[in-house]
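Right after this note come the structures.
First subunit A sits with subunit B, and in the next complex the same chain sits with subunit C.
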Partner chain A sequence: MSTLLLKMNWLTPFIQIIKGDRPGDQLMLILKHAGVPLIGLLAFLFVWHIGAQNINTSLGTFPGPAQVYQQSLTLIEEHTAERQKEEAFYQRQDARNAKKLEKNPDATIKIRPYTGSPTFFDQILTSLITVMAGFILASVIAIPLGIMIGLNSTLYSAINPLIQLFKPVSPLAWLPLVTMVVSAVYTSDDPMFAKSFITSLLTVSLCSLWPTLINTAVGVSGISKDLQNVSQVLRLGWLTHVIKIVIPASIPAVFTGLRLSLGIAWMVLIAAEMLAQNPGLGKFVWDEFQNGSSDSLGRIMVAVLAIGFIGFLLDRLMLVIQRKVSWDKSSALR
Partner chain B sequence: MIHLDISDVSIEFPTPSGPFKALDSVNLKIKEGEFISLIGHSGCGKSTVLNIVAGLYQATRGGVVLDGKEVFEPGPERAVVFQNHSLLPWLTVYQNVELAVKQVFKGKKSKAEMREWILHNLELVHMSHALDKRPDEISGGMKQRVGIARALSMEPTVLLMDEPFGALDALTRAHLQDSLMEIQNALNNTVIMITHDVDEAVLLSDRIVMMTNGPAATVGEILDIGLERPRNRIQLADDPEYNHYRHEVLSFLYEKHCKAA
Partner chain C sequence: MSKNTLNTLIGRRSLIRKTLMTFGTAAAAGLLNLSVAQASIGEPEKEDLKFGFIKLTDMAPLAIAYEKGFFEDEGLYVTLEAQANWKVLLDRVIDGQLDGAHMLAGQPLGATIGFGTQAHIITAFSMDLNGNAITVSNEIWEQMKPHIPKDADGKPVHPIKADYLKPVVEKYKAEGKPFNMGMVFPVSTHNYELRYWLAAGGIKPGYYAPHKGDTSGKLDADALLSVTPPPQMPATLEAGTIYGYCVGEPWNQQAVFKGIGVPVVTDYEIWKNNPEKVFGVSSKWAEDYPNTHKRVVKAMIRAAKWLDENNNANRPEAVKILSQPNYVGADYEVIANSMTGSFEYEKGDKRDVPDFNVFFRYNATYPYYSDAIWYLTQMRRWGQIPDQKPDSWYMDIAKKVYRPDIYAEAAQSLIDDGVMDASDFPDFATEEGFREPQTHFIDGITYDGRQPNDYLKQFKIGLKNDETL
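The block that comes next holds the complex of A and B.
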């Protein structure tokens, strides 16, 4: 996304108009590339506004764009207020401890962490961390496994039925199993990670590893015969062949898989967080729903838009990486 | 001792409807430094013969002996120039040749010697100006040149070329043919080239091996080209001997072994 925004091409029509160079054509260009999407967006907002007013729920009218905007401001205010409270707490604590030490340098001082509830933006961060952890775990499993089954057709025949069987399983079906296993296995007095984090992470991995696995296998097994012939004439050893020819040749396919997997991971995360109570966006939506105040629907809408926007950003990030790493310029990357 | 002995080679491919005999008793003896063209209609098994010599296929009967040793598997001493250049798309021109050189001369050449050798071979094919370009940034003719450089850099005993100029336009083909004659003159290596182009075969080769039509194709006729080297295509255009050779090949292909359209 950064490359798309930083490419100053989109400024050119405006500059040309100022210069007086075919202003008519430039205006048409701007209208087409920026105007039309803008009109689409405004039309959507209008339909939403009208439609929302006509839907009456038990929690009040369905939030329209205006309410959603207001709630987003409220969420930002709450976040800054919470941060200020936290800072004030630590300042008071430091002042208290300093006074204690002044009176008696050997006194034991207590340093307690601030226990406020996570704000909306804290929850966004938690969600991002969880999805990244789950995605990375999935990739670490899927890519080597994909390479192995791509290289060996017997292994592929053995594992393919399992892939086809487990690929369509919804995260909500995995969750109870994962929760029970994590509760039983992850028992420690001072855990580094919360159980809800581990549960969400594992569920994300279980659901998002399939596209990477399948695409890697397809990429590896689909290496052109020509490249294999080159490798044979050069008498490359098996490991050299895999490292120097198989893996670079399949990188475009691997990245296609990674991009699909990340999209799925983000969707699965929200559902997993809701049920596992991991303090992220999923939990936010769930809590608001349980809360049932008149503002809830508006706040949930804000969360929906945030989820969509972050998903878009994640996809664009993968696209930028894929464009840099993939040597296959012929595959259209959009 | 015969340099390259293709002896009674037959090959059958298993198919759902029974074994398909592609080649039947192909016999050919090649001397060191000879330039042989294999010519014939499409599907007559020319590539199959080349692949057997390269070791990419195994003959079901008979075999290929190179300098007294039988050929079982592919190897850099029988370097192949493929019809589709087969360059690794994620490596630059230099790195593509480097891959071959590193593999063949590991432990035998120092790093500096390898670098010099790579540059030398790329210079032979006139590609020194594009060392850091990737295959998708250079033209078809240039890619094929790099393919030739890669094959030559392996210092092969036999250079095998499978319709190397088939995918190129006529002008580029002419340039590359001249380059090939230049290289052949300098290195005096043994070359087997598959081609469809009668002019190319007569211009470049010492002998033309004409194959009958498949299936069960075999060597039809072998024509000795007695033209003196170096050969100049402009001068040869009016040469009666050149035209006679052309006539012989064309007659073989279109009269004696006409392939039904």
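The block that comes next holds the complex of A and C.
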């Protein structure tokens, strides 16, 4: 029972109030942890609402919270309407196939996927898939490389200049090069992945592998002397040393790097999608900007908020994974 | 993961549901007259197609062919995707990411002769006539206004010639300020129309010298023309980077609505019923998938007819479709003006221009050789074709790129199916691909497609005969 309560520790103050246990203190606790952020949020919404009405752009006034809320409802409506269109499409297709089979029972029929354009939520999904793919590719390269250069100072001296040179390069600078390379190399008549997907994925990887690489190297090279002595005393083989001592000890540093990388990957993805035309959130923002309708700014704000919220969720996800994987459960994780 | 893979997975998931629906709709299927008789053209070789477009109102035939099910009637499953700009669109058609696209009439020609990326692009369908206008910033309009003659009501007399812009350009030149204007692509109709209009008023729009490596088009120019993608033009005008632009709708009406510019002339007034966009595919794609290509043309002919049907009665519905964010996306009111036959010049000065967008009337969909040759002559006029070419060269290129033979087969199939009438089309037995010599140009010069070199001689500004830079 107590473990259950511990896991849901935000409920504790409420339960204590009902129990009658120091209600005043509990109330202060609730106000501090929930009330203050809420007041902060409301104050921000108020300032935004007033400020927005005073900014006049050629596309109408800057969208305030009310318009953004309205546009988010419109986006949900559009999504439902598109799903209905999809149903109708499949019905028509089935009718056509049935007719074909009637005429010739041996005819080959195909079930094709819906041809309509992706809705806002489809685009969110595409963005998430692309960022995870790019992030995983970056991590798979960065973590082993980081471990190697952290353990070997010669290797570190050799590779460090390259890291410092390529780290600051913006994704928008990589994009034309990546596009050209992908166009030239990834040629096939029936590709499994769209070229725009590969281009976005590679750009995300190129930009997000640096924090993981550097943090892994730092974490690995900073292992406490005691642990290294243990390894030498037990005369552990190189691989066992890495798996049993190095990796567990450097988890906090690695995860710091991974969290930074994921944040950067998500930011880079939006920019990369705008130019590579991968059908995700970046393309949504770009298309809305090109549309220039009076709803466009409101919709772009919805996308901005969605991007921020998803970035927050991704970060929290990394935190949960870190808690699971870390050996030191008592370390404070923010 | 590509959208197709994702959708295939979802497709398999709902297979059970669909099989159940199939039994339900099988009975109704017999009553549905879905597919048109496919006797004349064989089954399509490729059924899943992806077409690109730019956010302009004249992509309407593609949108209508999709939304009204004309593509599906031909057994084609088409996805329409907006592209970032004309260059990306052309590159993606060339490297096969797109099966075909909404293209500027000059793009297949420019690509085939090697100006810009070289590729053999062909077209068998002209998407529309007219549809562009030239807009200037509020500042420039105020400076032009005193020079323009007014009618009895005090409104400017139309068409407004570039002669009235000339004093403004001279003033900027005297002050040492470059007079920048925008157009959408070096081989775009907008580029040639803007240059034609400027040159008719005595303003030099600059030359290209690709043989010397200069493809900026600004040699010896009074007005400097540069490329901007259409949806970004109002923003660039507002920012003051350019003083005017030539672009298709809705970007001219957008400028009026947002109060950042004034359209001064439409291309209908520069050249009445000029060819504007075409549906372009790579020649290899057309060779590999001939039936598919003809079916695409069939669907688009039906869409074009629908757009002009009953004296433009369907246009409001078309505008509603176009204002969806995945097509053109601009507000309904902004698109409605030009599509329903009126055009707002200065704010409050709305005039009737019933043929601002023509999709089917006047044989708008037929790919005339004379249209192709006009673009080639203008490419020569401004130096994109650096040397003199004989008349036969123009004819050969036009025959290579414009394919009225494919159009004729598609049209014949529609007639055989009973969907359209022979009177909707030119007489294919006698049609040679040349319009009658055209006289409605803003400077009064007559264009005869059979004599391109003689045509070029009539211009005061521009390369002619064997002049090179």
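Some notes on this structure:
Keep this in mind: the second predicted complex is superposed on the first by the 303 of 334 C-alpha atoms of A that agree within 3 Å, B and C clash if a C-alpha of one lies under 4 Å from a C-alpha of the other, contacts with A are read in each partner's own complex, and residues count from 1 in each chain.
Definition applied: a residue touches a chain if its C-beta (ideal position, glycine included) is under 8 Å from a C-beta of that chain, and two chains touch if they have at least 3 such contacts.
Given the structure is predicted, the values throughout are model-derived calculations rather than measurements.
In the superposed model, A:I111 makes contact with subunit C only, not with subunit B. Of the two partner chains placed by superposition, A:Q53 touches none, neither subunit B nor subunit C. A count of residues in subunit A touched by subunit B and by subunit C gives the higher number to C. In the superposition on chain A, contact is made by A:K195 with subunit C only, not with subunit B.
By the document's definition of touching, neither partner reaches A:S170: not subunit B, not subunit C. In the superposition on chain A, contact of A:Q84 is made with neither subunit B nor subunit C.
In the superposition on chain A, A:N291 makes contact with subunit C only, not with subunit B. Of the two partner chains placed by superposition, only subunit C is touched by A:L275; subunit B is not.
Using the contact criterion defined above for the overlaid structures, shared-chain residue A:E102 touches subunit C, although it does not reach subunit B. Subunit A makes touch with subunit B in their complex at residues 224, 226-227, 229-230, 232-236, 240, 244-245, 248-249, 251, 327-330. Every residue of subunit A that touches subunit C in the complex is listed here, in rising order: 58-59, 78, 90-92, 94-99, 102, 110-118, 122, 125-126, 129, 133, 183, 191-197, 275, 277, 279, 286-294, 296, 299. Subunit B meets subunit A in the complex at residues 54-56, 73-76, 78-80, 82, 84, 86, 88-90, 99-100, 103-104, 134, 136, 154.
Per the touch definition, subunit C reaches subunit A in the complex via residues 1-8, 10-12, 14-15, 18, 21-22, 25-26, 28-30, 32, 34-35, 47-48, 55, 66, 69, 72, 77-84, 88, 95, 97, 229, 231-232, 234-235, 238, 254, 258-260, 323, 325-326, 328-331, 334.
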